[in-house]
Amino acid sequence: MTTLQLKDVTKQFDLRSGLKTTKFTAVSHANFTLESGKTVALVGQSGSGKSTIAKMILGLETPTEGQILIDGKPVDHHGRKADHIFRKTVQMVFQDPYASLNPFHTVEHHIARPMKLHHPGMSNEEVHKRVIELLDRVRLTPGEDFAKRLPSELSGGQRQRVAIARALAPEPSILIADEPVSALDVSIRLGVLNLLARLQREENLGVLYITHDMATARHFSDEIMVMCRGEIVERGPADDVILNPKSDYTKTLIGAAPDPERRLKELAVARAAH
Amino acid sequence: MTETTEIKTNVIPPVYETDPVLEIDDFCVEYRAEKTVQAVKHVNLKLGRGEVLGLAGESGCGKSTLAYGVNRLLKPPAVITSGRVVFNSREGYPIDVRALEGDDLRMFRWEKISMVFQGAMNSLNPVKKIKDQLGDVFTTHRPEMSKKERLDKCGELLERVGVDRNRLNAYPHELSGGMRQRVMIAMAMALDPQVMIMDEPTTALDVVVQREILREITRLKDEFGFAVIFITHDLPLLLEISDRIAVMRKGEIIELNDAMSLYTNPQQEYTAKLLSSFPSLTGDRGSFIRTGSEDLAEGASPFATKE
Amino acid sequence: MKYVLRKLGFYLVALWAALTLNFFLPRIMPGNPVDQMISKLAQKGQVTPATRHAIELMLGSDSSVPMWQQYLNYFGNIFRGDLGVSVTYFPNSVSSVIGSTLPWTVGLVGISTILAFLIGTLLGTLAGWKRGSWIDNLIPVTTLLQSIPYFWLALILLYFFGLLNPIFPLFGGYDVWSVTPGWSWEFIGSVIKYGTLPAITIVLSSVGGWMLGMRNMMVATLSEDYILTAEAKGLSRFKIMTSYAARNAILPSISGFAISLGFVVAGSIVAESVFSYPGIGFALLTAVQNNDYALMQGIFMIITVSVLGANLFMDLIYGFIDPRTRAQG
Amino acid sequence: ACGGTSSSTAQDGTVVSIFNGTTGTFNENFNPFSPTALGPTLGVIYETLYWYNLATDEDPTPMLATGYEWNEDGSELTITTREGVKWQDGEPFSAADVAFTFNLIHDTPALNTNGTACTAKLIDENHVKLIFPTKNADGTPFDEPFKGAYMQEGGILGGQAIVPEHIWKNVKDPMNYTNANPIGTGAFKLSRFTNQSYSFSAFKDYWNGAPKIDGVRYIALNDASAATSTLMAGQVDWMSAYIPSYQTLLKNYPRISAVNTPRLTTVVMTCSNTEAGCKGPQTDTAVRQAMYYGMNRTQLNKLAGAGAGAIGSPTMLMPDRDRKWITDKNLVTTPETEDQEKAKQILEDAGWKMGDDGYRYKDGVKLSMTIQTVAGWSDYILINDTLKQQMKPLGIEIISTQMAWNQWNENEQKGNYQLSLDSLGLGVTADPYYTYNPRYSSLQMAKVGETSGGQNYARYSNPKVDDAIEAAAGTEDEAERKAQYAIVQKEIANDVPYIPVYINSMLTEFNDSKVTGWPTEDNMYALPAAWKAWDMGIILQHLEPKQ
Amino acid sequence: MAATTTKAGKARKSRADSMLPPMTPKLAVGLTIVAIIAAFAIFVPFFVDDPNKVSDIGMTGPSAEHWLGTTQTGQDVFAQLAYACRGSLFIGLTVGVLAVALSSFFGILGAYVGGATDEAFSLLSNVMLVIPGLPLMIVIASYMPSKSSVLVAGVLALTSWAGPARVLRGYTMSVRSRDYVLAARVAGEKPWRILFVEIFPNLIPLLASQAMSAVIAAILGEAGLSYLGLGATDSYTWGTMLYYAQNGMALILGAWWWFIPPGLCIALFGAALALINFSVDEIVNPKLKAATRSQIKKWKLEEKAGKAKTDAAFTPVASVNGNVINGTKEAVAS
């Protein structure tokens, strides 16, 4: 049971325009908690600061203000050991599966490395066995065959599965998934999302599902947070947020999302009128 | 959105059988790369006047290839191996598009069929002012226009899509993504074409902007009466705006039907799968998908097919 | 502001580094001008201790001034525009030597660089536009030309077209026999005639680089969506090629061009050596051979300043030729 | 076959084009006192009192002077100047100009590159007296008693350009004066200067009669190869550059002729003096002698000198020109081929014993020396390489290195070398004093690491030689001098601080088709090198347009 | 369709394979020439005479005994050429290695470490970039008392790393921010491992291309220096050969066999490397893949064939296509 907590986290960037430098607040006073076994969706328009939050959690950006706590203790990326433990606990799946795998390394390399890093005692055979296991777990079978492949020999969905397997390798309890399907083809999306959902259930993972797709956010998470211009404007259980949006912004978002049912209704109305 | 106008025009089904503006017969395109890829296979399609035809299908199924092929924009190694494209001009004569060469072809393009391409950022030349890019449509097709007329016309076009006239002097990077897309639409309308092909015009935009643009397109179409081929892989989106929808898979059109029938009663398993890939926002199917098998969708991936 | 300061800082540091290098390099070189002059005189006649004394007096070379003092004086003099006195051409000042040689170099190498750029870019445009055509197949040929040692090509051309078939003159900047320098057509014509072969050689050996660069940029640009848009718009092929493809593809070449203009002064050494061209490159070589510190420093400084100047100029104008960079200042 | 552009045009008359070795561009400097003055300043524009022909052993030719006389103790030199000489601006020349010139030098030490120490006193229109100090300025006697300034005669009479008083008295800073409009007494007057070429027109009122050609033009070229091309194309009429296989060239181009005047002795210079700080086996006289006897000069000449070099003399004089100064018949010429037995014997006697590796050792020191020359001097490199092969059988190891001219020159001046291949320059006159004094006198020597104004780079120091040179300098009597030189010759032939190789060829090429009157092998009326000061003026006066 | 991916069972490309350029005529020609010259440089010196050996025959043309004639001192040009190949290749390779090492150090490391190191490194390389190479080389070269080829190579390398370093820096910056590098950081990899295992392999094609350019530039630079008399003094190179040939006025005296071969070797070698570089460029930037003339011709024919087939299958459209233009005019008029 791990909890990850963001306390009043703010991130500012320096923007240069012409001769002036201005401060731009990408994330402002974000507060939320992630627990193992729960999926929290973070939705919002492009540029609302979702990825920035993910990066701060992973230590790829440093918050300007505020703290990130893991099990109540502040995360420390400086101490080698503390960082190591953190890395084992929190993992990330990146947005673009085409960019998140190194074209020069085999699938096995991608999964084995984090494993070796976090289980230095494991023998090579054990590592290999675990890799195959993991590949099986993400439904890349036969694992022996996939392990030897290069990323260029995989489809987008398969790549994303490798990326997920890699994230699972250190046996984390928190998984940050930053738009894990937006680069994928429509028909593969659900497969990957379902996989994530299954793993969350089976491995008791805490998942932060970042997306701008309201529909999948609703169906794949327990809770939804809506971000707008760096601020979390609304949060609550998934169905509540979608079906009874409180904030104006959430309403706009929902209104903008394509919804065939709505058209259907409209057509029906029009026909009737005719 | 002004819902009333939108509904009104689409009530009467368009007459694509009797008075098509564009007829595509047995259209085949191959990429003769290291390995020959049949990107478009025996496509037959008729586009009615003023109709919005949605073209759906996932990445790589040949949607763009078909669109470019119709406008003769394909580059080597793409080869049109067979097929006929006939454009029935409003003025009352047919044009065999594949027989056009040189100046004839250039005169045909944009005048009769204009296009809006996927990424607006990339469709506009980053180092030329908006007015020059709008203007050179006129310098090419309306050489007799004076400079002032041209400028006026460009300004008018911009205003038509809701962009301020003084943006004529801007460079593309000075406009937001949505504005750039609108500029492209304005450009596509410049010569009052009869067909407009839109290749994923909203994919790169976020939903709010996307919504605005769609609204704009519908409005303009109604006002000027051009036919639209709207390409995207976002089926829900197509369902909202198109009269008929063609579903493509592996280069073939596997299903073609009017939007409502397609949604409510898909004939092909693949169409059904595609539809189910988009969980409904307000509908009730979320829980089903979440517990469903993840292999279902993956199996539908073109990448997963065995060689 | 920070950006501008940084850029400015860079130019200052670069200038300082170049000038400092300029100060120290000649000083750590062997020999000194006095010994040099004595050894040369010794070949012509008697040399006595008095000679050394006389020359030391004449050159005012006093080695007792401490290094740091010399260093400070050096900067002081540069800012006063005083580049000192050339030992080789004593008692002429370095400025006058540079003044009399620089125009020749700038004329010859400058014009050839511009020509090479224009021709190369044009060929590159065509080659990229008509990929796979005969003009594209020219690229390996120009690459071969580029891999030929410049002086070797020059000497062969000189042998065939200067000596065996005297189409072009063998040496010099103009006809020293019958033409008086000045702003007369006769003189200008003569300068052009004398500059033709060196210019051809420079163009031949540098056109390939421009061509390849432009061709590759063209190819990359041609796959951009806005080219397709332009084509769909029905624009004429010529218009697409020039005002869409080439206009964009040329941007990197232009910055390369500005920088190569900066190197005009530096790149002329071998050319001038082969054609006995009265330019600054050869003056540099002479200065090095004669331990002429002041002249060496002066020329080196001119070179550095022109390179830095070209870079600065490029930084300044790039915003105008590429509007995208303007936003970032 | 290759006419090329004509080197003169009708309007200019007959103009001779000269490449005098100046490379790069010309910079205006016609100041005869400046060491960087353009070549023709000395000889073509300005003239000396007398002219010494270094090609022969003739007496000096009177130029601006017609006579000179030393007083008893050699402290005063009275000169009779020529009458009827005009400066190129029409003003008459007189003894006052000579007096002015020498006083100017005296008052401006920076101009005094000849080391002249006299003041001048005008006697009358045609006579001037040069007075040499016999005491220090404060009246105390010199450290060495004054023995006469005879040895300055050559420099004063044959090495000093006379300048017009009426112009130079107004020159504020004669040291930095570029003298853009030079007025001399010479046969040609500067007519135009540019950075690539400058030309002279004939001075009709020249005292020795107007020159027969109409003008002279000097052109700037970058190297000998470019010069050769222009010579072949008929654009250059006179130049001095070594052309490999020039015999072939002459055959193909009948209008080109060439003369060879070997005057510069190629030597292996040795840093010979341990007391001055030299290190290495070459400080042992025996080693130098062994090299002297061990080298095969015929082979060296054939390979490196294209057979155009002349055989030298252990006295370092020119056997053809200076025969009268060489007393000992055995010292007239160097051996032509090697005498290995003698060389080996010398080494054995000196204690250099053959080691197992084929090289000799003495007290554990290997007989191995490094010889330096300038990178790119292909004939010198060849000599070094060949020497290495020739010395090997004697048990001497030679290591050949090449470096930039600057470095090579500095090494010689500072003594940071063991062996160096170089040549000995020309003296002011043919008198052996000008060969011996700068090279062998310990007064001209500096310790290793230091430089002196002199050229005793071998750091040779021998009291007998010093005394003899001094004695020779102190007398006007030729027989006495010859006796003193004999002492020097005996010593240096034994010590060989400079080991003579051969007298290098000095090739000068002419275009015969336009003018006649060039020096020939049979009529060497002047040293023909195009760069030779003074002589070029003489040669130009001899030229006549070809009809 | 669906050709983008291959499944198991099909012959798989190995990791090394994906880095090798596809064999094209250009690449084949380039590799062949380089191989021949390299073999010549490596083996031939063992079989020829001492290149310094002089003889009395002077400048003579090619003969059975001297395949490429002799120099003015009767040295065998062929033997010299063999040694010169060796010397030039040595310099070229040394510079290639040094320049790549330097540019990698300053370019990759700076970009990877970031912060003050990056600032300092990029300032240094920018300054080095604006300091003109050849004059600097001349000055440095003339400072060195005796120049070994190692030294000349060092000087050439010193003046040639800055440009490539800047390119590398830009490229490293972009690779550094790629997701897979971030992923490695998230996995907890050590920085040096990320640099060498994750980033470096991606730079290999670029480095290869830069190394080849550096070799060409070095060989040309060496030739230029030698021509000015500032080249290496301890060994033969193509440059020194040309220098001696020029000194010996080989060309003027008609001794083409002495002057032409070294220059030709440089040109051929340079062109061969450039041809190889084209192919490497095609990996780095697949857009540059060249279409050959025959391919284009073939394409045009196929396009025609496709049209003919259709024309046969359909009845021709009644209108004349010239009408389009009329149509345009009408449209304007109306």
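As written, the chain order gives the labels A, B, C, D and E, with residue 1 at the start of each chain.
Note that contacts are C-beta pairs under 8 Å (C-beta built on N, C-alpha and C of every residue); 3 or more make two chains touch, one makes a residue touch a chain.
Computed from a predicted structure; not experimentally measured.
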Output for shared partners of subunit C and subunit D reads E
Joint neighbours (subunit B and subunit E) are A, C
Counting C-beta pairs in contact for D-E and for C-E, the higher total belongs to C-E
Note: subunit D sits from subunit A at a C-alpha centroid distance in Å of 89
Chain centres from averaged Cα atoms put subunit A and subunit C apart, in whole Å, by 55
Per the C-alpha centroid definition, the whole-Å distance linking subunit B and subunit C comes out as 53
Distance in whole angstrom between the CA centres of subunit B and subunit D is 91
Multi-chain contacts in subunit E, i.e. residues touching at least two other chains, fall at 4-6, 142, 145, 246, 252, 291, 295-296
Within subunit B, the set of residues that touch 2 or more other chains is 107-108, 111, 141, 302-303
Within subunit D, the set of residues that touch 2 or more other chains is 229, 232, 404, 406-407
Subunit E contacts subunit B in the complex at 1-7, 9-10, 291, 295-296, 298-299, 302-303, 305-307, 309-310, 313-314, 316-319, 321-325, 327-328, 330-332
The answer for subunit D against subunit C in the complex is residues 2-9, 15, 17, 23-25, 27-29, 31, 34-36, 109-115, 154-155, 159, 175-178, 192, 194-197, 217, 219-223, 226, 229-230, 232-233, 235, 404-407, 409-410, 412-413, 425-428, 434, 438, 444, 451-455, 531-533
So, in the complex, the side of subunit C touching subunit E is made of residues 10, 13-14, 17-18, 21, 25-26, 28-30, 131-134, 136-137, 140, 143-144, 146-153, 155-156, 159, 163, 216, 219-220, 223, 262-263, 265-267, 269-270, 273, 284-285, 288-289, 296, 299-300, 303-304, 307-308, 311
Given the complex, residues on subunit A that touch subunit B span 45-46, 139, 155-158, 185-195, 197-198, 212, 214-216, 218-220, 242-243, 252-264, 266-267, 269-271, 273-274
So, in the complex, the side of subunit E touching subunit A is made of residues 4-6, 8, 12-13, 15, 18, 178-189, 197-198, 201-202
